[in-house]
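Here's the structure we're looking at; comments come further down.
Every chain is named by a letter (A, B, C, D and E) in the order it is written, and numbering of its residues begins at 1.
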Amino acid sequence: MAVSWLRKLASRTQVPVFPVLGKQGDRALRYLALSPEIELVDSPRHASVLLIAGEVPADRFEPLRRVHDQLPYPFTTLWFRSEPWPHLENVPRVEKLDELPGALITAHRELMAGQRDSAPRILTDKPPNPWKGEGDFGQGGEGMMGGVPYGRPMAMNMQDDIRDGLTLDSLTFRLGPFFSAFPPGMMAEITLQGDLVQTWSTQLAPYPQSLDPVFFTARERPVPIAELELARARHHLHRLFQALRLAGLENASLDALRLAQNLSTSSTLGGLRRRLVRSGFFRLSSMEGGVLDPEQARQIGGPAARAAGLDDDLRLEDAGYRRLRFSPACQTHGNTRARWQQTLNEIDQSLHLAQQAERDEVYTSEVDRIETPRGPWSEQGPEDASPLLDEVLPGLEWGEALATVASLDVAAVVNEGGGTQTPDELRVVQGGSGNVFK
Amino acid sequence: MFLNELLLPVLMVTFMLTVGAYVVAVLDRLIAGAFGAPQAGSVWLAPMARGAWLMTQHANATEAPDWQAWRLAPALYLALAAIGLAVVPWSESLVATDLVTSVVLWGSVEALATVVIFLHGWSANALLPLIGGYRYVALGLSYILISMFVLIGVALPAESLQFTQVVASQEALWNVLRQPLGLPLFLIVGLGMTFWGPLNLADSADLAGGTASEISGPPRLVWDVARAAMLVAFSGVAASAFLGGWLGPWLPGPLWMAIKMLAVLLVLLLLGRLLPRIAPERCVTLMWVVLLPLSFLDLVWAGIGALL
Amino acid sequence: MELLTLLFILLLSLGAGLLVQWLPMRHQPMPTYPQRAPFLGGGTPDSHAWSRYHVRYYPMTLLLIAFEMEMMFMYPWAVVFVETGMKAMMEMGMFLAILSVGIVYAWREGVFKWQ
Amino acid sequence: MTLTTLLLLAAALIGIGIYGALSQQSFVMLMMGLEMILNGVMLAAVAFWAFSGAGVPEGQLLTIIVMAVMAIEMAMGFALVVAVFRGKQADMTESLTGLKH
Amino acid sequence: MNHGIGVDIAFLLLATLAVVTGWRVFRTDSMVRASFFLLVSFIAVGVIMILLAAEYLGVAMFFMMAVEMTVMALFMVMFMMNPAGLNPMNMVHQERIAIGAGIVGFLVLGAMALFAVFPDQPVSASLDPVKSLGNEMLGDSMLIFESAGLVLLTTMIGVVVLSCHRGRYGAAAEGSLPPGLEPGGDPAGKPEEDEEEEGGGHHHHHHHH
């Protein structure tokens, strides 16, 4: 009796969802961030529903199985625009974005009401290494440091520390591809000593990101600059949303997301920027790390390069932009702070350009060489720059390293786009009313 | 005697623990809503529903945790919050335990909180909680000196280490005006000891929940409640030390106390929503190089003020 | 008596905290090994997390021990401060000055940075 | 709770401390033993202060000074451990037998 | 000193706690547990001190020891192999002698406690222990107080000199490390470490990553 009462109450909580992002799953993430009944959590331990958003490639099935089994009982799963594994029975699958929150709530309520069983474990119940029966107490270890106590070896000092003279144990692990502070799909093997990154090797590149369809159109024919610039600003705002969430500014991050949703030529960045500056985002957060030298900056391109002092911008070569008297703004330091200041400046600049371009009805003139928000796209689109992280991150403190990852837009751009989006998605991505070109 | 000296204090503290934690949850939700977080359903019911869900969720385990320490840490944190609440005076006579050295006892609660939070991060035997625990120690060992200097500042005019005396000494002028640096510095300590908002180095987003990233179900409920209760205990201490505790016209003392505690809570929760998480290295430098000298200044100011 | 009450409150809240954790867990089976693996976003660790952890701020902690000792002297001083008057002020001023030298020196040596 | 029982407790703590300080191989554990001895000493000092010192303030002062000794011992001890570890990658007492290396 | 039965019971429990946790310090494999067992032992003694009317010293013991034992735990974990005791271990030498010495120490001191005659001059109930301590420190024992400050300053400087990396290798490595000049290369501006500085049998492989 008492239990059913407890469960009834429990079903009314905000649904804690752990999102596993597949390809193009970040849209669902942004949609859910603004859904009142949903709480996105960072750890599967805190979740009641595992959401697989977007198609997860086969090479990430193993990590997905691991995360699936890390949710404590009772839990359930929901597959959004991806095919549930055949051996999972009665797994709901959702296609439409605006049905997603409702489906998540139903899943949680049914789970609490006992109308749906908790999802089964997929992996066999075995420790990572067999260990029973060895050692003094059957703990599996040998001597001081040897063996595999409780199924795992102990950490050893593998390499000298790169900052301090003391050499202590280093911890090596693989993080991702479903870690919320990483770009979707990225996995890295990291060695830490204390909380300092000793080595970093990116093992799985992040999923290629799809840009707004207007960028693909711009590769084919001239498009209104206003539309292009609004899409650019929106892209940057989406990145800002992730970074602010990571920095502990949840409310500001939602503001950034809302601004992106309702972006129009009359939008201004002023309020958000003031808020960030006043909150001390540029002074208190981890901002000093990840300095790019010119070579690295050229490799990654785009705003990150301009933040490091390179004034390359393909928009300079476009007659339409020249009419608007466009000139790129740059930062000099090339660190995380410079990148965010650059990003904010570029959003601001894009909004101004969009405003002017709308008034004068300016169109782009170049189609072969365009500047995407991710970087220049001439013969080839912006490519995956995640190997760059291997050089930039060693030596940084953990928080600094993750802030650096968030500030660098490393994912490649998918080569063909546009056609895959369904109407409801477009509405979400472009935020409905604001866009004058519809 | 038994009734007055044992039962009443215990009831008072239990009441404050539960109601206080609930109020914190509701207030934080209201503030988040005011800043534009999407919200649905009743604000008043939400903390209960969440608690109920955590009670139905199974507790997680890791491969080889330090079981005793892992389960003890949330309970100990709650116990520390209870001790903090026990030394807060509600009126001249209504105080759960009126220890002669209650100001020092609160200092000890702060120091022991560091131990408990570290233990919580350590005992899971998982990487992200471990980093969270160690990060917190950097913060915990930095704020403790500031807190002590500031509290010694309020003990000077009271000539006592007892919170009832500290409140009584503010009859003429509250310490918040007499020692203007004190309360702001002390609020930072409060954010630190509950690792709230900008000082959430222990359970931060970049560690997927830090020391709490591996716990679920009832242990997580206790941990969250303890954290909220600690915030309440802190606001009680801050209200007694700087805002004149039960002193105030017209209304009865305990009511004044409740109002002042709410005010402190509100400020803390606002700060928690407005500021980004500070980088650990910058935090340590800031605490030792800027805030600690400021707390020296506060003490000297308090000393001169007490002599005049 | 206050102390005993305090001990009682301590034990009671500690007991409540443990009970809330223990009661629902009595009937729960031990989670499976895959569930018990540490969460690393789907990744795996090579070893146990417990290790000789490189505490990057260790000089600061040593400084704190020395510093905290001062606090021992400060509390009794605070109680007699007003009745002793100017003398106490001067004395504590000297004490604080000595300490400030320590902090400034440590700061110059980069003690508060991550080593 | 009499002076005798308190002193017996202090003696027990000191005894454990002596065992720890003599038997432990690692510096830090050895320091634990020393701390335990000082723990007993402090208790004894306070017991004397309370029962046969008529509350002279020197009794309390003695305890504080013991605590200060403890703090200094710890701080310097750990600093030395760091310095030694930097040089020799060891934290065992045996590894310090020869000063030449 | 007059006290009720409650105080006696509390004393007995606390004394047991202090001794048992004190003993566990040297009998547990986990370094973190060892330090926090010691902390519990200290806290038990602190509570006994409060029962003895030393209200300030007892409470001060809590915060002093909480901080000291946290630091203790940090350093234990830093420098001990197998710090969490995942494999059981017994790192003792000359254990018999040590046990003997411990027992002898206890017996000698215990005998003194039992057979020596101490003056019976309990603290008067009217004494304010904190105040008397404060007055003592600002009066007769002022020199002790001030010299303690100087000694602690010396400690601070000593600690910084001994433990800081910077003092030995120069300041270049502090703060964040600059990235490599070429991909995968050495960090720019990293000082060459002096190989002769490092004695002992450990192997160095500085520039391999």
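Quick note on the criterion: contacts are C-beta pairs under 8 Å (C-beta built on N, C-alpha and C of every residue); 3 or more make two chains touch, one makes a residue touch a chain.
Since this is a predicted model, take the numbers as computed values, not measurements.
Asks: Measuring centre to centre with C-alpha atoms, which chain is farthest from chain A?
Replies: Relative to chain A, the chain whose C-alpha centre sits farthest away is D.
Asks: Counting C-beta pairs in contact, which comes out ahead: B-E or C-E?
Replies: More contacting C-beta pairs are found at C-E.
Asks: Taking all protein C-alpha atoms shown, work out their mean, then name the chain whose own C-alpha mean is nearest to it.
Replies: C
Asks: Counting in whole Å, what is the centre-to-centre distance of chain A and chain C, each centre being its mean C-alpha position?
Replies: A distance of 35 Å separates the two centres.
Asks: Roughly how far is chain B from chain D, going centre to centre by Cα mean, in whole Å?
Replies: The mean C-alpha positions of chain B and chain D differ by 33 Å.
Asks: Between chain C and chain D, what is the separation of their C-alpha centroids in Å?
Replies: Between these chains, centre-to-centre, one finds 21 Å.
Asks: As a quick test, compute the distance in whole Å between the mean CA positions of chain A and chain D.
Replies: It comes to 52 Å between the two C-alpha centres.
Asks: For chain C, write out the residues touching at least two other chains, lowest number first.
Replies: Each of 1, 3-4, 28, 31, 33, 35, 37, 39-41, 45, 48-56, 58, 61-69, 71-73, 75, 78-81, 88, 106, 113-115 in chain C touches at least two other chains.
Asks: Going by the contact rule already set, what residues in chain D reach two or more other chains?
Replies: In chain D, the residues touching two or more other chains are 64, 67-68, 71-72, 74-75, 78-79, 82, 85-86, 89.
Asks: Among the residues of chain B, which are close enough to touch at least two other chains?
Replies: Residue numbers touching two or more other chains: 55, 58-60, 63-64, 99, 101, 104, 107, 122, 125, 127, 134, 137, 141, 144, 161, 208, 213-214, 217, 280-281.
Asks: Please give all chain pairs that are in touch with each other.
Replies: A-B, A-C, A-D, A-E, B-C, B-E, C-D, C-E, D-E
Asks: Could you pull out which chain E residues touch chain A in their complex?
Replies: 78, 81-82, 86-89, 165, 168-169, 173, 176-181, 183-184, 187, 190, 193, 202, 204-206, 208-209
Asks: Where on chain B is chain E touching in the complex?
Replies: Those residues of chain B that touch chain E are 64, 66, 69, 99-101, 104-105, 107-108, 110-112, 114-115, 118-119, 122-123, 125, 134, 137, 140-141, 144, 161.
Asks: Please name which positions on chain A make contact with chain D in the complex.
Replies: Of all residues in chain A, those touching chain D are 165-167.
Asks: Spell out the residues on chain D that touch chain C in their complex, using ranges where they run on.
Replies: Result: residues 64, 67-68, 71-72, 74-75, 78-79, 82 of chain D touch chain C.
Asks: In their shared complex, at which residues does chain D touch chain A?
Replies: 82, 85-86, 89
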